[in-house]
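The same chain A turns up in both complexes below, where it pairs with chain B and then with chain C.
Take a look at the complex of A and B:
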């Protein structure tokens, strides 16, 4: 079977698994349902890995017209899947992280729905199918369909613990804001369809290129509207509000997937749509796209880092760290070169491992002690040395300790971005990594003093464990998964073959004309090669500096007495994150306006 | 965030978004033109495959992968509802009470039920020929069963509605669509290729795999809607919170 033929199966396999689980659900005992879910998820991962391994080169673009609707003269009525190294690589990342999350959730939940033990693995399989489809499709409307599939399943997974009102509220906020994003994307697709009569990324791109000379209002509006939906998923400021609320309440294995891959798929979607549709002569001029992405990225990175430092609820802390890192990814995209894309790709790969591992550690704390509050847990983690080690290593990797893949990705991205971006990268890495280390030092080492209680804040005390009761002994699966994930993040920085593959993938990803020719004309063209991402001395030095800074920040923070009230200048910022859906909708519309203003 | 600030942000956002959208709409092609690149191609492709209803050809042949995604969205929504509306530890079930129904309502619903069911099945079966198809017909079929709730009471509906069976049917519809799509791989064609003979134009057996995929959707939608409504109705009629049981029983 050719690589192209395998592409639809990467989507179909988890869907079939979900159907089997739901169909047999009432008769399946819980263990069988979980094994079956794991098998289908791992089978999909095997397919994706096999397809990746069978790619003839890192710049190859196997193209599959579903239903056999090959184009004639560049026109087709069908849907195309494109298995280039980037899309297939992301599908592989998703498919590897899903079995990891399912293994972590092994016999995890307190109360599976009565007679529906299979519903959690089935939902996760649907989530996997949505994410893989989104990564592989070469059709804008089809991308929207998979975007919605991801969304619908993610809302349900977020609100999974319905016994708690907060879980329902978090799922609802997530659903409202992401649905609004879906509507704007659909409006944007409608505008593009009205102009071009096409729905495929390559077809729309070619039709726009037939009318060169600056974009008119329709093209700008279409880009803004399509990108808004994707940036909501990516949690870029000011579309990011849903993320922390959802992460705070979602079950830990779901957080691993949301922060590890789903948010990054929003970044990927933005980049994919820009490079295939809008990067040609009829699209958005490069300086405008650069300005918009850079401004949003810098805003997101700074706000995410400031909010991250302020949190004591560990899941919210990690959630805001994801926001900050999304900002860094967007700055990398804004460079609009293969170097920037290559750096972001490596960063995303390693970040998925590190962030999922950190969430896994927090999940252990939640199920052992029934709390995710930094102060409440003070010193309690001493009895969990292995978890402590992983949490600490995760914090260091997040800050950019070489030779972790996060450090490599950061180094390559900041070098591509250049100038003040380096300072921003170091600062944001140090603050987000430092926040994790600070929490780790308090929880696992018992450093610093226990603070007085402050009832006004979202503290993370009094949370319900996600397991049947507080765990007396941590199951091996919950320790093994984060260990493997951290090892993978380390491997991203160390395996040289991965760097050359990512380099080629980035060259192909940013080759607008090459993508159009490969999809519509079946013509293979080699993109202009650029040097593959690699370790540089300045990159290592900046990474070490950020790590040291993170450590210093953490130590300073734990030595100072904890104040009951938040720092004064952050109060207005914290008030913006009110948990009020109406506020989030207002900011969403303001964000559309901001994005449009940045582009004209 | 204060009400004042909220309203200012909202006003700025609405104004900016509306301006952007209005300016974009001014650039749209004029209404009623003759330039329909996709439509022309889709009609041509539908006729070439002997599918009289072009929409069905787009849904189940030309863009069958979109339909798979949409079917999965419904499937995921039903599953998600099942999870979110489950009976939790602090809730319990009360058997539903028999209800009195006004005779005209009962007569109407009992007459409408078989007619609605028949129309639903007809709409599903003729998806490849006339407007409608699995999505629309499936909803009509599911609605017809619920007329029993209106005509008699919830216990009558529960008797013809073993939710477990409908869940299996829901999953079978989803799996069936995938299996028909994968069957094309055995013939050496791409996933979801229309590999069956196209048949005689404008007859029930025309369109190759279109009627089969359409039927799979019909089963999935009808069963999915029944399960979906069952969850909501259970919450409304049967499941009560343990704490407030005295109030709920009155």
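Take a look at the complex of A and C:
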């Protein structure tokens, strides 16, 4: 079977699995349903891995017109899947993380909803299908459909524990803001169809290139609208408000998927649409795209880091760290070169492992102690040395400790961005890593004094554990999964073959003309090769510096007595994160205006 | 082709957003989201309109004998409506749960998630 033939199977297998589980779920015992779900997820992962391994080169782009509906005379109504190394690589990452989350959830929900044991694995499989489809599609409207599929499933998974007051509220906010983003994307797709009469990424790109001379208002409006929806998913400031609320309430295995891959798919979508549709002579000029992405990225990174440091609710802390890292990814994209894309790709791979492992550790705390509050848990984690070790290593990896893949990705990206970006990368990684280390030092080592409570924020006290009762003993699966994830993040930094593959993938990803030729004409052209991402001495030094800074920040923070009141200058910033859906919609409109202003 | 349908689509989207931003009732907010979505239906159908065109059904007219409107956007709109129904149903079910757990559907009174 050729790679092209395997592409539809990567999307269809989890969909079929979900259908089987929904159909047979009521008659299946829980163990059978979960084994079946795990088998389908792992089978998809095997398919994606096999397809990645069978790619003839890192710049190859196998194209599959589903059902044989190939273009006739340049026009097509078929569904096209494109399995270039970046898309397939992301589908593989998704498909590997889903079985990890399911294996973690194995002993996590001790009590699934009555009479329907299969609903959780079925929803996760649907989520996997949506994400794989989004990564592999070569058609803008199908991308929107997969985007909405993963969106709707994610709202349902976030509000999965419907009997909890906070969970349904977070799920609703998530749903409203992301659906609104989806509709702006569809408006943009409508405008592009009006101009070009096409829906495929390559077809639209070619039609826009046929009228060079810079973009007119319609093309700019289309880009703003399409990018808005994708940036909402990517949680770029000021579209990021939903993310912390959703992460604070979602079940931990779902958080692993949301932070590990779904948010990054928003970044991927923005980059994919830019490079295939708008990077040609009829699209958005490179300086404008650079300016917009850089401004949003820097804003996102700084705000995410500041908010991350302020949190005491551990899941919200990790959620804001994801926001900060999304900002760094956007800065990497803004460079608009293969080096930047390659760095971001490595960063995303390693970040997924580290962040999912950290969420898994927090999940253990939640089920053992019924709290995810840094202050409430003070010193309680002493009895869990293995979890403590993983949480600490995760914090260090997040800060950029070589040889973790996060350090490699950060080093390559900051080198591509250059100048003041290096300082920003070091500062943001140090603050987010430092916040994790600070929480770890308080919870697992009991450092510092026990602080008083403060009512004006989401504390994370008195949370319902996600198991039937508080766990007396932590199941092995809940310890094994984060260990494996951290090992994978380490491997991203150490395996040389991965770096060359990512280098080639980034060359192909940024080759606008090559993508169009491969999809529409079936011609393969080799992009201009650039040096593959690699370790450099300055990169290692900056990574070590960020790690040391993170450690120092954490130590300073735990030694100071904690004040009951939040720091004064952050109060207005924290008031903005009001949890009010109307405020978030107003910020959404402001964000669309900001994006348009940056592009004109 | 008149510019009116496009203005109408823009107006629907903005008025829906206004309703969402100022809503005092979550059921009303979900309705406003549906208004935003109807902007996409209007835009897509306006894009596919041909002057003097008829429905693209060739059982009683010969192909090429007279202009027909674009069937692709109608297919897109149908897909969009299906998605909209799913989203609205899911969000309304979440609102029911919110009403049960919080004993209110006023977003101003939901203040558990902040900071």
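A few remarks follow.
In the analysis below, the second predicted complex is superposed on the first by the 596 of 600 C-alpha atoms of A that agree within 3 Å, B and C clash if a C-alpha of one lies under 4 Å from a C-alpha of the other, contacts with A are read in each partner's own complex, and residues count from 1 in each chain.
Assume a residue touches a chain if its C-beta (ideal position, glycine included) is under 8 Å from a C-beta of that chain, and two chains touch if they have at least 3 such contacts.
Quick caveat: nothing in here was measured; it's all calculated off a predicted structure.
By the touch criterion stated above, A:589 is placed in contact with chain B and with chain C alike. By the document's definition of touching, both partners, chain B and chain C, reach A:155. When the two complexes are overlaid on their common chain A, residue A:141 makes contact with chain B and with chain C alike.
In the superposition on chain A, A:62 makes contact with neither chain B nor chain C.
When the shared chain is aligned, no partner comes close enough to touch A:253: not chain B, not chain C.
Of the two partner chains, chain B is the only one that A:222 touches; chain C does not reach it.
In the superposed model, more residues of chain A are touched by B than by the other of chain B and chain C.
After overlaying the two complexes on the shared chain, residue contacts for A:15 are found with chain B alone; chain C is out of touch. Once the two complexes are laid over each other on the shared chain, residue contacts for A:332 go to neither chain B nor chain C. Judged by the touch definition given at the top, the superposed model places A:574 against chain C, while chain B stays out of reach.
Shared contact residues of chain A with chain B and chain C: 77, 141, 145, 148, 152, 155-156, 159, 162-163, 168, 171, 187, 191, 193-194, 199, 575, 578, 580, 582-583, 585-586, 588-589.
By the touch rule above, chain B contacts chain A in their complex via residues 1, 6, 9-10, 12-17, 20-21, 23-24, 26-29, 35-39, 41-42, 45, 58, 61-66, 68-70, 72-73, 75-77, 79-90, 164, 167-168, 170-172, 174-175, 178-179, 181-182, 185, 189-194. Contact residues on chain A toward chain C in their complex (touch as defined above): 77, 141, 145, 148, 152, 155-156, 159, 162-166, 168-173, 175-176, 179-180, 182-184, 186-187, 190-191, 193-194, 199, 244-245, 248-249, 310-311, 316, 456-458, 566, 574-575, 577-583, 585-586, 588-589. Residue ranges of chain C in contact with chain A, taken from their complex: 9, 13, 17, 20-23, 26, 29-30, 33, 36-37, 39-40, 43-44, 47, 72-73, 76, 79-80, 83, 86-87, 90-91, 94-95, 97-98, 101-102, 107-108, 110-115. Within the complex formed with chain B, the chain A residues making contact are 5, 8-9, 11-12, 15-16, 18-20, 22-23, 25-26, 64-69, 75-79, 81, 111, 113-116, 119-120, 122-123, 126, 129-130, 133, 141-142, 145-146, 148-149, 152-153, 155-157, 159-160, 162-163, 168, 171, 187, 191, 193-199, 216-218, 220-222, 224-225, 575-576, 578, 580, 582-583, 585-594, 596-597.
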